[in-house]
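One structure, as structure tokens, below. Some questions next.
Labels for the chains are A, B, C, D, E and F, by order of writing; each one numbers its residues from 1.
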Amino acid sequence: MENQRHERGWDALMQINGPAAERLFEELADIAPDLGRWVVEFAFGDVVSRPGLDPRTRELVTVAALTAQGQWPAELRAHIAGALNVGCTPQEVVEVILQMAVYAGFPAAINGIRAAKEVFAARDSKT
Amino acid sequence: MENQRHERGWDALMQINGPAAERLFEELADIAPDLGRWVVEFAFGDVVSRPGLDPRTRELVTVAALTAQGQWPAELRAHIAGALNVGCTPQEVVEVILQMAVYAGFPAAINGIRAAKEVFAARDSKT
Amino acid sequence: MENQRHERGWDALMQINGPAAERLFEELADIAPDLGRWVVEFAFGDVVSRPGLDPRTRELVTVAALTAQGQWPAELRAHIAGALNVGCTPQEVVEVILQMAVYAGFPAAINGIRAAKEVFAARDSKT
Amino acid sequence: MENQRHERGWDALMQINGPAAERLFEELADIAPDLGRWVVEFAFGDVVSRPGLDPRTRELVTVAALTAQGQWPAELRAHIAGALNVGCTPQEVVEVILQMAVYAGFPAAINGIRAAKEVFAARDSKT
Amino acid sequence: MENQRHERGWDALMQINGPAAERLFEELADIAPDLGRWVVEFAFGDVVSRPGLDPRTRELVTVAALTAQGQWPAELRAHIAGALNVGCTPQEVVEVILQMAVYAGFPAAINGIRAAKEVFAARDSKT
Amino acid sequence: MENQRHERGWDALMQINGPAAERLFEELADIAPDLGRWVVEFAFGDVVSRPGLDPRTRELVTVAALTAQGQWPAELRAHIAGALNVGCTPQEVVEVILQMAVYAGFPAAINGIRAAKEVFAARDSKT
């Protein structure tokens, strides 16, 4: 069962964050490898890969939460990229962030848009 | 144009929160009626009623943000009810809240589920 | 000098929160009396009683911070009452709270207005 | 391995929160049983039961975090009780909460002390 | 009426943030121009330009909220500059930030002072 | 008595943060020297130097709170270094941060580990 959790989590993580996720495991390898394992097995294997919600909605709700919290800009950028990776359009990502102006205030929305702009530009420069 | 913003906002608000929203305007009427007007014209007329995202996704991302913030339980319950009002299933709402265990911690998810349970029970008792 | 800090803090505290503050000291007396002492000597004696800002502005900036944080409704109500005690008008308090809709989102402003309404009503019923 | 995680988590949970934890599983049973399972297997089986830190320190750091966050008063009370259950003294719990006045402000510390007072009183009334 | 909101908002924004605000509109122009429009029409046209509170107090309460939240350092610096632009003294800004040590903790106050120091130095270097 | 508070605070501060703390006083000297004085006299002299909890536990609960808040990365790094200075092992610091995955979410824990990695590396490079 552990193996299934790991495999399921790894597949979800690769679909959403792609090779960028591997940098996280390298970072954690010598100091807290169990945290990397929990990201795969718990966060992605138990939670994010659940069938009850489509991957696009899962990424958009994560973008909403990270925009409202405002404390984790690197994670916000990773999930904006993740939303695009699973098929969300840039416009959908922008709409989610704009809505946070209502529920978390204008600084949250403005910083969210700045994060989106950075992610969109990085992807455009690769094509 | 102001009239259009008001009308568009009112329609969105009634679709999402229904008669429950009217209590808010009564509360605000004698102390801060402009805040009630901004809820209609800005929050719902300018933002929530935008066409770029379907109402179901808009309510789910709002449930995500309010679960992660954890500070506004009344607003969280109102938007869990709102999600159901625009056609989300209870299971979808639960999935969004569960995902917050990863991004905002277990207390956020547990309190979100308690809010959902309360809203679901209140609706069941009416049918 | 300790005595001066205590006296200066106590005077500021009584001017702002009045007899309501005494309930706090009773609450803390048997479990954490030093916290009560720090409220008087540090919070009010060292900080709030400083001459560089008038008491009305000090209470309004505190109302702003507590509205934006949203986590401490009892403290928010105490400082809304404190703002009135040092001469702010109810309208000024309402303006400060409304402005938080921009910087902390609508749920913050709506809950702030609810707190203000409660404090204003309690004072009106006494007159 | 899943069984080991469950067993290890259940033992840790019972040691820390005792029968009070069972109410959580009853609450979650019909709406989100997987969240209850994750509490046992991930939160307590993977994380809290790790050998690298003694249970007393684990509960005190949790009390610190929940006091600083201020959003989850029920969880804070549960972990204040948990700290006592694993052998912390009331004085140690109070010291941790007082220190939060420095890192999260006086409202956080005052509300933390109120939570502790409630937990201590409930235990005293049982003896 | 829309035109009036826009004009009133623009005047307030220029008075408070000056040419620095224009950079925000450039940033938003190609990705979320409506957010820029809402900053002008809602945030500044509907809220910040209201007559019930003088501009100096409005900026000081905003500095207080942004210092306490701690998540938006760029916005904090912009409103520290804004407070000076509408006639607050550096000493008043410092007093507001110091008071946040009580309500949001020492890290909030220390980071607020660092932001103020940066803004004050940038202005001094221009004169 | 003021002198005693100052002396006691200074000793605690030097024990925990060492010469690194002096940079803070230099930063504050020309803009808000009283904040520096309060750090010594109140934060360290009144609170952190209290006898009711050993210095190692005090630093670990502070690391927990700062990891959960996520807003003050410089202060988090300073207290990770402080924990090591008073005798905590790197493994204990890592355990505290990992536990925050449960109570504040994975982004909090991941960013906490990144901070720890930076502090550990800086110390290793000095030896």
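FYI, a residue touches a chain if its C-beta (ideal position, glycine included) is under 8 Å from a C-beta of that chain, and two chains touch if they have at least 3 such contacts.
Quick caveat: nothing in here was measured; it's all calculated off a predicted structure.
**Student:** Repeat of C-F among B-D, A-B or B-E, where over half of the residue-numbered contact pairs coincide, is which pair?
**Tutor:** Answer for C-F: the repeating interface is B-E.
**Student:** Across the interfaces E-F and C-E, which one involves more C-beta pairs in contact?
**Tutor:** Greater number of contacting C-beta pairs: C-E.
**Student:** On a C-alpha centroid basis, what's the spacing between subunit D and subunit F, in Å?
**Tutor:** The separation of the two C-alpha centroids amounts to 23 Å.
**Student:** Calculate how many whole Å lie between the centre of subunit B and the centre of subunit F, each centre taken as the average of the chain's C-alpha atoms.
**Tutor:** Inter-chain centre distance comes to 40 Å.
**Student:** Averaging only over C-alpha atoms, locate the centres of subunit A and subunit D and give their separation in whole Å.
**Tutor:** Each chain reduced to its C-alpha mean, subunit A and subunit D end up 29 Å apart.
**Student:** In angstrom, rounded to a whole number, how far apart do the mean CA points of subunit C and subunit D lie?
**Tutor:** Going by mean C-alpha positions, subunit C sits 30 Å from subunit D.
**Student:** Two or more other chains touching the same residue: where does that happen in subunit B?
**Tutor:** Expected reply: 34, 38, 42-43, 47, 66, 69, 71, 75, 94, 98, 100-104, 106-108.
**Student:** Where on subunit C is subunit E touching in the complex?
**Tutor:** Touch residues, subunit C against subunit E: 42-43, 47-48, 50, 52-53, 57-58, 60-69, 75, 91-92, 94-96, 98-104.
**Student:** Taking the complex as given, what residues does subunit D use to touch subunit A?
**Tutor:** The contact residues of subunit D facing subunit A are 1-2, 34, 38, 42, 46-47.
**Student:** So in the complex, the part of subunit F that touches subunit B is made up of which residues?
**Tutor:** 100-108
**Student:** In their shared complex, at which residues does subunit D touch subunit B?
**Tutor:** 24, 27-28, 31-32, 34-35, 38-39, 43, 66, 69, 71-72, 74-75
**Student:** Report the residues of subunit D in contact with subunit C in the complex, numbered from low to high.
**Tutor:** It is residues 69-71, 94, 97-98, 101, 106-111, 113-114, 116-117, 120 of subunit D that touch subunit C.
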